[in-house]
C-alpha cells in the first residue's frame, strides 16, 4: 500500500477510534474524562510516519492519536480507557496515561508540558548510548506557558540532543484562546534557544510528514533538536461534555475547519486526484477499520476489571 | 551635585562597602557567605538612578549593590550582614535577604530567579492600583536557566506590566561560563515573548542610566515591560573564599576587566575630561565615604545580636 | 460558626465558596482572582461561574498555563497592596508552585524581619474517586502544613468553607485553601447569609459522642459522620471532631475530646505515610496518653499512586465501612 | 553493614559518598552525574572533586541552573537505559523539582502498569546551622517520604552513606538521597573498602541500651549518641536507632526497641510539624503502646523559617542538651 494511503488509513483509524470513545463516554461506559483528538489526526500520523519503530514519543492528555499513530493496538487502548485489566496499563493509567515500551511510547501525561523533560531525557539516552533513536515531544500550545519547556529546550540545544518538539497549536488552552495566553510569536520561542523551527499547516499530513522527516534527519545526523508548530484544530470540546462552546469559540470557526480543511478530506481529495486510490478503495479502508474498531470495543467491554488486590502491585519495580 | 557625580558617589559607596564586607568576612566576623558586587556597580547605580524612590526592585544573592543603589543605609546593612538585631531584617535575613519597604526594596533572594515573579507581581499592583510605580527585577544571567523567568515575562508582556528585567551578564554561573549553560542569543530570550530588549556595556553607568531611563519611560507610559542585558564582570570569586579561580576563568580575563573597563575608572575619566570634577573633588568623595563606611562597620560590630527569644517572632503577620 | 446568625440557606460546598469570594470582592477592591479559565469558564469545576460577569476581567483574570509564574506574580502583588486569590485548579499542581509558596511566600515576612507581608490565598482541590488517575487525584495538604509561615485550611462543610474563606482572604499571611472536588456539588448544608468569619485554629465538633473520637479532615468528615451513624446501631456513640485548619492547629479540642472518649481514629484522605494523620495522632497521644484505652489509630489513602480503574480506585480511600469496622474492634463490640 | 567486611579506612561522610559514586560508575557505564558545577568545581560542597577527571565531561555533566529541566531530563534518561544521578545541591531546591519527582518519576511505573521503570537517584542536602538562612537550610525529607513510588534515604555515617548510595544507584526506582551538609566534613568513620551494599528498610542500632530509645535520623543520630553519652553519667542507658531510610521503613526494629526500653524520643532536623517525627512516633505508639511508660516524645527543628543570625539559628536545631533534658525527665532522674 502506498505511503500516502498508509497514512490515510492511520488517520481514519484514529478518527474512528475517537468516535467510539465519544460514544462510549456519552453512554457513560467510560470513566474519567475523554479529550478527543478528532481534527488533529494529520499531526500525529505525519510525524510518526517519519519515525522508526524504536523511536520515542511522549504524549498528552489528548493523546489517543499519538499512541495509535505510533502503533498502539486499539483493543488494548479501549481496554485501558475503560479501566480494564487487559489495558495497556492494566487499568491503572486510563485515557491520559497510555504507555507502551513496545512502540516507544514513553507515556501520555496529564500534566501540561510535563513530558518535555522526559522526551528530552530519552534523546539524551539515545545520544549517550549511540542508538540513533529520536524522541518526539508532542504538546499543545498551552504547554508554551510552562517554564519547564524552555529549560529543556535550552538543554537540548546546548547538548545537540535528537529531540523534536511538536507543538500542536489548536488555538485553545481549554476554554481560552491562545492569543490571550501567549505573547509574541510562537516560532520565536524555539529560535530564542537556538532551535530551528518550522510553522506549518497541520491539516495536511503531507506537509507534516515532510517537515517531520527534515527534523528527524537533522536529529539522527547529530545536528540537534527541532521545533515544529503545527496549526490544527480540535473538532470537539476540550473534553467530551464541553458542549456549549460558543462563549469561547464561534460555531462558524468550527465549521470552517471541519470542511475544506479536514485532514482526511485534504488527503483523500489528493489521493483521488492523483489516482492513488478511488472511492471504492477508500471506502474499503473505512469498512475494514470499522470492523476492527467495533471488535476492539467489544473486546474492551467484555474484558474484566482488575482484581482490587492489584492496587498494591506496580508501585515499585 | 551633578547627576553624574551623584552616580559616581553611589558607585564608590558600593565599592567601599563591599571592600569592608570582604574584610569582615576574611576576618571571620561575618557569618554565612558573602557574594561581592564589586565590578558591577554601574548596573545597580545606573538603573536605580532612573527610578523613583517609591519604585520597586528585587535583588539577588549578589545584592548589596542593588540595595545601596536604591537607598539603603550602610550601617543597617552591615548590621544585617553580621546577624545583628539592628539590621534591616533584625538579623533574620542576612546578606542574601536584605529587604526594605522604605526604599521599595522587595528583598534580595537566594533562589536564583526566585524573585522574577515577585517583581512582576509588584508591577501588576502598580498597574492595577494606578500608582505609576515601576518594578525592576535584577538577576544574573544564570537565572536565564529558570523557567519561571519565561512564564512571568510572558505574563508581563501580555498584560503590559511596568516591569524591567535587568540581566546582569557577568559571564559566570558560579564556576561555569554562561556559554556552557545558555543556548542561542540571550537577547532573543526577551523578544521571543514580545519584550523589547537592549544589550549594553554595563561598565559605563551613563549607558546603563540612559537605557534604564528609556525602559522606565516605556513602563510608566503603560507600554509594558523591557529587558536590559548589561555586560559586566564580578572582580572577586563567586563568594569570598572562591580564591583559586584559574580553573574556570583566566587571570588575564580578570585583569582586562579590572583596568580600562572598571566602572569607576570609566566614569571618573569622563568626569575629569569634561571638567565636571577634579581629582580633589573625587578624592573628597572617597574620603567622606570612607569615614561613613568605617563608622557604619563600627556601629554594626558594636551592636548586639538578637535575643534568642526573638526566633519565634515574625513568623506570621 | 457564630450562634447569633439566624437566616441560612441550603447551599452546596462550591456555592458557599463562591459566595464568600463574591462578598469579599464587593467589600475589598484589592482582591483579584487569578487562574486558568477562571473568567468566562468559571473554572473547570464551575465554582467561579458568574464572577467575571460581576467583577469584570480586571479582577477575574484568566492566566496562561503557568502555575509557578502566576503564583509568583501573586506573591509580589500581595506584597504591594493587592489581595490575590490564586486558583491552581488541581492540588496535584502544588508540585509546580512549591518554590513560590514555600521559599518565597512563606518566608518573606520572617526573612524581612516582619517588614513585608504576603496576604495571598492559594486555592486548590484535593480528593480522589473521580477516575482522574494519579496526577489529578492527590490530597497534598500535608506538605504545606509542614511549612512554617503558611496557614492551611481544609473545610468540610459549606458553612465552614464560607466563613473560613473570608478569614483566609482577610489574613495577612499566605493561606493554602484545600477544597474537596467531590464536595463541590455533593455536600450541601445550611449557610448563613451575609458576613461572618470563622477563626483559624478552632476545631469544630461535628457530632458529640462518648465512646470514641473520630478526627476527620475535609472529605473524611462526612465519612466519619456516616460511620458514626452506623455505629449507633451497635451502641457505640462516636464523637466527630473537624480541625478545619491543619495549621494553626487546635490541639486542645482534639486532646480534650480524646481524654473524654479514651479512643481515637484519625481519618484523612492524603497518602497514609508521613502525612497529616501522623501529626494529629502524635498530638493526641502526647496530650491524652494516660486517658487512652489503646493506641491512636489512623486511616488514610492506601499508600499507592491513585489508580484509574474504578475497581482499584474505590479501594484507596477510607470508607464509612472501614471506619466502622476499626471503631467496632477498638470498642470491643 | 555486613560483619564479614574486614579492611576499613577512616573517611569523611562526603568522601564515602564520592567513593560509592566512583565505584559504581566504574562498574556501570550507564551511570551519569548531572547538576550545577558538578564537573570541574566538583559541586559547591566539593563532594565530587576528582570525578570529572576520572570519568570525563560526558559522564559528569555541568548543567544550567535548571533544576526542573535537568531533573525531568533525568527521568526520561532513566526510562531509556541510563542510571542518572541528579544533584540539586540544596534540599531547599526540591521545591523546584516536585512535579518531575512526584507527578512523573514516582508515578510512571504504576501508571504504566509496571511497564516503564525510573532508576534515578536525586541527591540533595539537608541541615541548618551553616548561617545560610531560610532558603538554604531546610530539611525537607518528609515531603518525598509522603509520596508512594519514591524511596527516601537519610544516612548518618560514612559507612552507611557508601552502602546505601550503592543500593540507591542499583535500585530500579526513583530514590531521593539526603546528605547532611555539616556531616560532609565533620562526620568521620571507618568505611569498608570495595564493594558492599546496605539494604533499604533496615534500621541500624547505633547504640544498644535498656532505658530509653532514641530514634534519630541523619544529622540527629550524632546528637542522639552525644546525649546518650551524657545520660550514662546519671545512670540512664539509652538505645539509639537509625532508620536509615524513611521509606521503606523498618517498623519492626523501631517497635521492638521501644517494647524493650518502654520509652521513646524521635529526633529529626526537619520542621517540627507534619514532618518525619509524626509518622515515626505514630508507628511506635501503634506498635508498642502497651509497653510504653509514657507518650512517645518528639524533637524537631523549631517551627519557624531558619533565621540567619547565629544567636537565633543555633536555637532551632535539637541539641544533645535538649535530648538529654527530655530523656532525664522521662526516666525520672
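Annotations
Every chain is named by a letter (A, B, C and D) in the order it is written, and numbering of its residues begins at 1.
Convention: a contact is a pair of C-beta atoms (placed from the backbone, for glycine too) under 8 Å apart; a residue touches a chain by one contact, two chains touch by 3 or more.
Keep in mind the model is a prediction, meaning the values are calculated, not measured.
Farthest chain from chain C, judged by C-alpha centroids: B. When the C-beta contacts at B-D and at B-C are tallied, the pair with the greater total is B-C. The distance from the centre of chain A to the centre of chain C, each centre being the mean of the chain's C-alpha atoms, comes to 37 Å. In terms of their C-alpha centroids, the spacing between chain B and chain C amounts to 41 Å. Here the spacing of chain A and chain B, counted between their Cα centres, is 46 Å.
Residue positions 89-93, 97, 109, 111, 114, 144-148, 151, 154, 158, 180-182, 315 of chain A are each in touch with at least two other chains.
Residues of chain C in contact with at least two other chains: 63-64, 66, 68-69, 92-93, 99, 103, 110-111, 133-135, 148-149, 303-305, 307. In terms of which chains touch, the assembly is arranged so that all chains touch all other chains.
Across the complex, chain B meets chain D through its residues 31-33, 83-84, 89, 91-97, 109-114, 142-147, 173-176, 180-182, 247-248, 305-308, 310-312, 315. If you check the complex, the residues on chain B that touch chain C are 56, 58, 87-93, 97, 99-101, 106-107, 109, 111, 114-126, 128-129, 135, 147-148, 151-152, 154-155, 158, 313-317. Residue ranges of chain D in contact with chain B, taken from their complex: 36-37, 40-41, 44, 62-66, 68-69, 92-93, 130-136, 302-305, 307-312, 314-316.
Here chain D touches chain A in the complex through residues 30, 32, 58, 63-64, 66, 68-82, 84, 99-100, 103-104, 108-119, 148-149, 151, 172-173, going by the rule given at the top.
Chain contact summary for the complex, chain A toward chain B: residues 144-151, 153-154, 157-158, 180-185, 188-189, 191-195.
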